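Order as written gives the chain letters A, B and C; numbering starts at 1 within each chain.
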């Protein structure tokens, strides 16, 4: 059981390593989107500080979604997906491996880079810490939920835009709790409740979405 | 025993085939024949369980394959039109990782031997993107040398192969059948495969 | 080219049998919808008293609240049909969920538009990030996603199953979204007037709303049946029974 899971993660990590530009694209997208806001609004620190939780979370959300289209598309095109569906191991488990690898190359870098962008937004130190925590707890849910959208739109014309349409409404709770946590800590309130809810979202997604993604993949390879 | 009962398949609103029945026992080979677009690939995908038939069922050891999840799939290898290879990985990495995904842990050692047997020893560590079409096909087919599956379902396995490779593959399929395996395949070429019983299924 | 005649129809809850049945039912549901609508409108315009705070403008909630109810209820019904479709591999169920989606989206839009019309005199703004309006907006996105996915997959069987799965995923998410939006709304101290509690719910008002909700419900059934008949004809256009229909002319 674990062998197959590790093999899937290892394959995707190897591929990401050989295609580093794909990983970098996601990150740069995150950085650019976050850097455009001060240019569009104003460089005034107080204003930026209030904007920061929402802007950084929305940017993280978009960056994660951008990388989703690649999650299964290559496997679908080269036939690896068929072989995964036919593997004697449970497809749900293999999906979990794919999603974990996706989070490692698109979610985790965003988490690590976010505090640097937070500095651009004049965020105080403890809020930066909460920002990292909220992203760490929330981005797994983004990858897990997004995987359903990526699986449903395989081989569909204009799948990139369609993924956005399907997945973004489902991201609303994660966005609310995530940016809420940061905003609460900035206004001197306790962010614990938000972080717990974020963690709950991720756990719920972990329990339910791999199954739905596996079902969507079976529909897609048919 | 692999059997099909009254299979029908549609594509869009067109009926591809209907009333397909066969029984395939240990050591037997089934050729699926038919023109382009007659539904050969679709039939093979139904036999794998990738696609569900419009009606009828496929049974493995007397039980519907949709009811048994792992048992049938661990006895099955399917090689379709797509090679299921990652362009950025080497042939060896591709094979050993796909072995691990299938739950076999000794993949790496056996993969090198299999590649050697297919005359790919020198390409084993080159990224697959740099291989020719025929070489890629051979890497994909090397899975047959690694597989312990009893049912082989092969969609046009001989396409893009040179004569030497065709002979190698045909003898490998013959070996598999002699050892009590079974195979279902489609092909456009005339290839002689040693088998006790050869069945033919013609789709019109 | 062979035509799909050899297919075992009774394996599915058979479209050829359902088609004429739906045709018989449609006028009845339209009639019921008209009757309920007439009663509901009479109550809401003639019986219900003028609100002394809001004047006549409040009467729009007689449409707004039932529309909002229907939009959520229809999503649930749609997801239920989708679930049946996936579990039983019944094509008619998929068709039902597909037929309900546009009506659901329409009611969502109606709830949004009436909400904003009502908000103008109430809050002095066309749009307020009120919990209910925001949830309705996200619900509209969910409906649009379902319709878009269904429309963009060419193979009807795959389209059915993929969009049904999406409807189920959405249905699981709707309560979570609703809760999170409410939480967000209370924390940010948005609109202080909630639509349901502002005018005191008198019995006449509730009756009026219920009547209109029933009218909307009957209308939804009628329209869904009309749409399902169209979908059946489109999907089965090559089947013999469709060719023999009087209303189908080749």
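Criterion: a contact is a pair of C-beta atoms (placed from the backbone, for glycine too) under 8 Å apart; a residue touches a chain by one contact, two chains touch by 3 or more.
The structure displayed is predicted, hence computed values, not measured ones.
Taken pairwise by the contact criterion, the protein chains are fully connected, each one touching every other. The interface with the greater number of C-beta contacts, when A-C is set against B-C, is A-C. Remark: chain A and chain B have CA centroids separated by 36 Å (rounded to whole angstrom). Between the CA-based centres of chain A and chain C the separation comes to 31 Å, rounded to the whole angstrom. Remark: chain B and chain C have CA centroids separated by 47 Å (rounded to whole angstrom). Multi-chain contact residues of chain B (touching two or more other chains) are listed as 52. In chain A, the residues that touch at least two other chains are 222.
Of all residues in chain C, none touches two or more other chains. Of all residues in chain C, those touching chain A in their complex are 86, 138, 141-142, 144-145, 148-149, 152-153, 157-158, 161-162, 165-166, 168-170, 172-173, 176-177, 179-181, 183-184, 187.
Residue ranges of chain A in contact with chain C, taken from their complex: 148, 152-153, 156-158, 162, 165-166, 168-170, 172-173, 176-177, 180, 197, 201, 204, 208, 212, 215-216, 219-220, 222.
On the chain B side of its complex with chain C, the touching residues are 8, 10, 12-15, 18-19, 52, 54-55.
Of all residues in chain C, only 1-4, 6-8, 11, 89, 155-156, 235-238 touch chain B in the complex they form.
Across the complex, chain B meets chain A through its residues 45, 48-52, 69-70, 73-74, 76, 78, 80-89, 93, 97-98, 100-103, 105, 127.
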